[in-house]
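So, here's a batch of structures to check.
Okay, so subunit A shows up in both of these, paired with subunit B first and subunit C after.
After this line comes the complex of A and B, so read on.
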């Protein structure tokens, strides 16, 4: 049974998220020798019962849980005799990344091709947003606002800040627009392409409500379409408006949730995008219907190749930037995404984990101790995960606002559990480690610049991944469909 | 993975001896490349390119290399890395540099020799030639083989066709191509050598008032007339060495 077949039985795991896939397998296998029901297995039964009790769909945070072909299904062909590796540490391997040089007077120039994705103040606490901004600045990369606008903490903490323009228009204003280093027009998101955002009432506190001009404590549903555009024709006008408002200084990104990627990338370019951001189905969310997260869009692996091929076909490789997001976790993921044609990657869930998401404890500096100077104090919050019906390492309860480690919350007491300086240090460490892994792999492929990785450096472990990434199945010269 | 040799005569009185000088140089690098061999010889009458699979010394005998005349020559012995051992995959790679009448990039090889050709021999391997090949193809410059060295020849020819001089084109190549390489390049009037930024593959240059020679092995210089008085040095990484007649 393939990994995918195995997982298809367990797509709906809302009541079972405390158990690993493998625990579930052994548990099923042990039921009195009676066969497992594929169509109505235990997770399906639990899901039906949940809907029967609540009368609505399950909502949660993070991205798709189901196993789909991903970067783990690719391998890099590093150097040996026919090609030569570069030495680590002393032989050059550049990571500098320039985005939006085509039209903007001030393109985005990053030290590493790894950026932080848009996550709203509202979904995240102000401390979390500040920590991400500080971390991005420390490693010379960008971070991104989100649905809800720009906070002063985030702006001042971020060397390079991308300001999102979303269908909701929450918190979008010309003052902040002109304070941005790039503007990202969001057509969609990998976790919910075609759907609008969601912020449940318990997270709509006074400050969030004020920024969004909404009443406090009321569930907020963002629009799925912007009133100013529905297609590339209107979007072209909108982009011109934004360029004029920003005096043609900063790049304009267009972000799409990965579905009809070939068409959408071409249309984003036609509308005038300097950078296309493609978010695959593993991309995270702060709160979205489970049915959206698991059943819409295409895997990031398929999306990156489609997007890169579309830009190549337009003759715009390198001129229009390509940022890929959705399930990027390691330097190996970064290297493979770049090899498939991305100019940079964007991370959401992974930096949150670096901040402390899903940790059994939170840490704060000890009294009188500067952040990061010592071990600080550590407080166990496992019981709070249990109270949410989950456990450290399995939590996707961002939507509840009850984040035990103070990241996805608007509760002041919970938010105080995240120290921005300490959190920034951890995220910066994580991003640096990713960059080191990426250059290590690029050097092993003989590249003096991570952007010189190419599809020919890759093979696939599975037929599915070979077909999606259009690289040969390992040990063969066979690319399915070619 | 290869042996390369290049010879540029400053003293045209040596024209009758070019073939025998190159034969000795080819012999000196033969063990580095037993799979195939090739030579390109620039003579006032035109460019002669011969290449074939098999033992380089037998090849030299077969084409009577020692009897050839000329003012400038490249020789190559190949130990294949990633592409096949065929006559088409042998170096030197030859690429036309003349832009088309409409100003579009130089046409691919297979065109009649018109005196604008650039010849290239390469020791090493490139690590990003697939991407550069795609970029060239998008600009209308196609390759005839899947060989990495051919991409460098097409790239240089395209740059020359676009107006770069040879030194500028070679500097651009070192900034664009990854991998380890020593390249020797000839045109109707020039001879040039360049190494990768690390200088991993061997290269020795010997120069007298009568000639300049570049080889992969010191021993390949033995027998050249006046060698005792030659200036012998290993070229610096990334530096373009160029002699024009």
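After this line comes the complex of A and C, so read on.
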């Protein structure tokens, strides 16, 4: 199936938006010989009707649906005569990743440069959080809390846990702060740079409400600005406060949604960040307005290069860590992100898919059977996707709390569909596979350490990607703008 | 001041402090980091004085034991922030975010406080003996804030739980986007924020104000004569008629 054939109705909307009028006019589905309208095509009409009937705008989970230049538009120039490769599977290719060694007494040391991004307990079920924590621990990487605080399950399941400090400060407290292995001050997310968090009432059950100090069932719309600082000069003092409260033990990350990346990375560094996390516009979310998801920020591909160049210009490459997120799916994505200058990547939606998101069935260990020992029980839930107005493979309904596979829910019965041990195994398998793909590609580029991948190892397939990633268009030495 | 500086305590032996004695740390000769580490190392019951603060930021943050700390002069941002159990007393004005994210204990400012006093405080008591600037009590999560004088605009913005007592006047947009926190104002309210409303005072309110005024040491507030401001709760849900559609 082609990339476009796999698209859902909404994805078609983006595609219509991106097609030229002439393409549209030649489409087979034009009725009575009259071409499909470019500006007001069927999905646009449906969107207007929905707003007119309900007086609301669409909210959903996941990241941007529209096609933007991404890592698929880059290719790796693996070795041949001018470079020699390392033996795949045999010669060593290091994946060890150290973050935050600049100031923290205890830097974050990871076995692989692939981490789990911050996703709140609230948007995710406690089982999902636990599964992600266990998986990260099994493969020697970090996981991250989210907008809603740290759960004990998550802390105990995670070897390396990054604690987010968000504008809402829900559940933020000095005890959990000191129990964390790193602190991430969140300024924004790629899905909604400049916007606050959102958790609809269905998901604000007793435990979530208690942790966030909110009335149960409230449609939580959290702050987009931190309550106790505004500009970068203040942020510097805030970071120092966090360091004081943690006795300068752990690294402080600053996470930004990718917009004015060059400026924002410089300001984060000036404020004292040990690690800058840059989340591109494809970055996932548990619930955000569609208008935000599709129309704000810049693609991850453009963001990674801007961020890496800003750090290089400051002479801080390697000293200040760079984590990139937003649409990372495969080891090839990881290798390309590292080649463009990232020290690590961070994943949100992909590990959820590994857990079973968008699967037509959920699976539980059979009674008395340890997770993963046998086939277990498999239950078809396709009808529940249909009830949500979607289908397996097309779902982005995390905001509803009615997740058919028990990942993004606070309903106990639904949450019980996800077995943390089984889920952890799947996510760990997935992360291992990504790491293997990454090292395979790095070896083929002749690198004994994945962190030695470099922009010189890349070319672009399209002029846009060449301009954004600042690597030559394949077959040329042309970098647009250079 | 001279006798204090001669009594400067060696921070490396801070944990051996006799709780009856006051230990003195001098910021003219010690770094903030050094002083904070020494304060954190003090045993419960200890008393400390920090001299020559000169408006330095992040003083006495992250304390977790029941110690008493006097900051002998003006403090910068976040004094007493992220604290629990301790009593921090600032003998002068304080910068942004005094007592931010406080969990328990007290932070007292014997002067004016800048923006976002007691921001996101989960518990404890923040007392400002002078005026407090913009967004005092922003995103409050269960703590108590008492301001003897006036508060600036957007006091209690997004405040989720807890109590705020304003001994003087409140600026515009008081209680904007409030959740369950309650504000009492002894003086004039210049304007209410979105979704905030004035409500009748009950006996429970009077008792709460009396207790808070007593804890804060305010004798100029008449508990019977305050304005109660709380959330109208109309922003708790998206347009309820269409709620199911989400």
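The rule we apply is simple: the second predicted complex is superposed on the first by the 452 of 482 C-alpha atoms of A that agree within 3 Å, B and C clash if a C-alpha of one lies under 4 Å from a C-alpha of the other, contacts with A are read in each partner's own complex, and residues count from 1 in each chain.
The working rule: a residue touches a chain if its C-beta (ideal position, glycine included) is under 8 Å from a C-beta of that chain, and two chains touch if they have at least 3 such contacts.
All figures in this text were calculated on a predicted structure; none of them were measured in a lab.
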Inset, instruction - Identify whether subunit B and subunit C fit side by side or clash on subunit A in the overlaid structures. - result: fit
Inset, instruction - Using the superposition on chain A described above, determine whether A:153 touches subunit B (first), subunit C (second), both, or neither. - result: neither
Legend entry - Contacts of A:82 with subunit B and subunit C, given as first, second, both or neither: first
Inset, instruction - In the overlay, answer first, second, both or neither for which of subunit B and subunit C A:455 touches. - result: first
Legend entry - Superposed arrangement, angle subtended at the Cα centre of subunit A by subunit B and subunit C, nearest 10 degrees: 110
Inset, instruction - For A:411, select first, second, both or neither according to whether it touches subunit B, subunit C, the two together, or no partner. - result: neither
Legend entry - Residue contacts with subunit A in the superposition, subunit B compared against subunit C: C
Legend entry - subunit B versus subunit C - smallest C-alpha distance in the overlay, whole Å: 32
Inset, instruction - Touching subunit B in one complex and subunit C in the other: list those residues of subunit A. - result: none
Inset, instruction - Report the residues of subunit B in contact with subunit A in the complex, numbered from low to high. - result: 1, 81-82, 124-125, 127-128, 130-131, 134-135, 138, 178-180, 197-198, 200
Inset, instruction - Mind listing the subunit C positions that touch subunit A in their complex? - result: 32-33, 36-37, 40, 57-58, 61-62, 64, 76-78, 81-84, 96-97, 100-101, 103, 115-116, 119-120, 122, 135, 138-139, 141-142, 157-158, 160-161, 179-180, 236-239, 242-243, 245-246
Legend entry - Residue ranges of subunit A touching subunit C (in the complex, touch as defined): 54-56, 59, 168-169, 172-175, 177-178, 200-202, 212-215, 218-219, 223, 227-229, 234, 237-238, 240-241, 244-248, 399-400
Legend entry - Touch list for subunit A against partner subunit B, complex: 79, 81-84, 86, 91-92, 312, 315, 317, 445-449, 452, 454-456
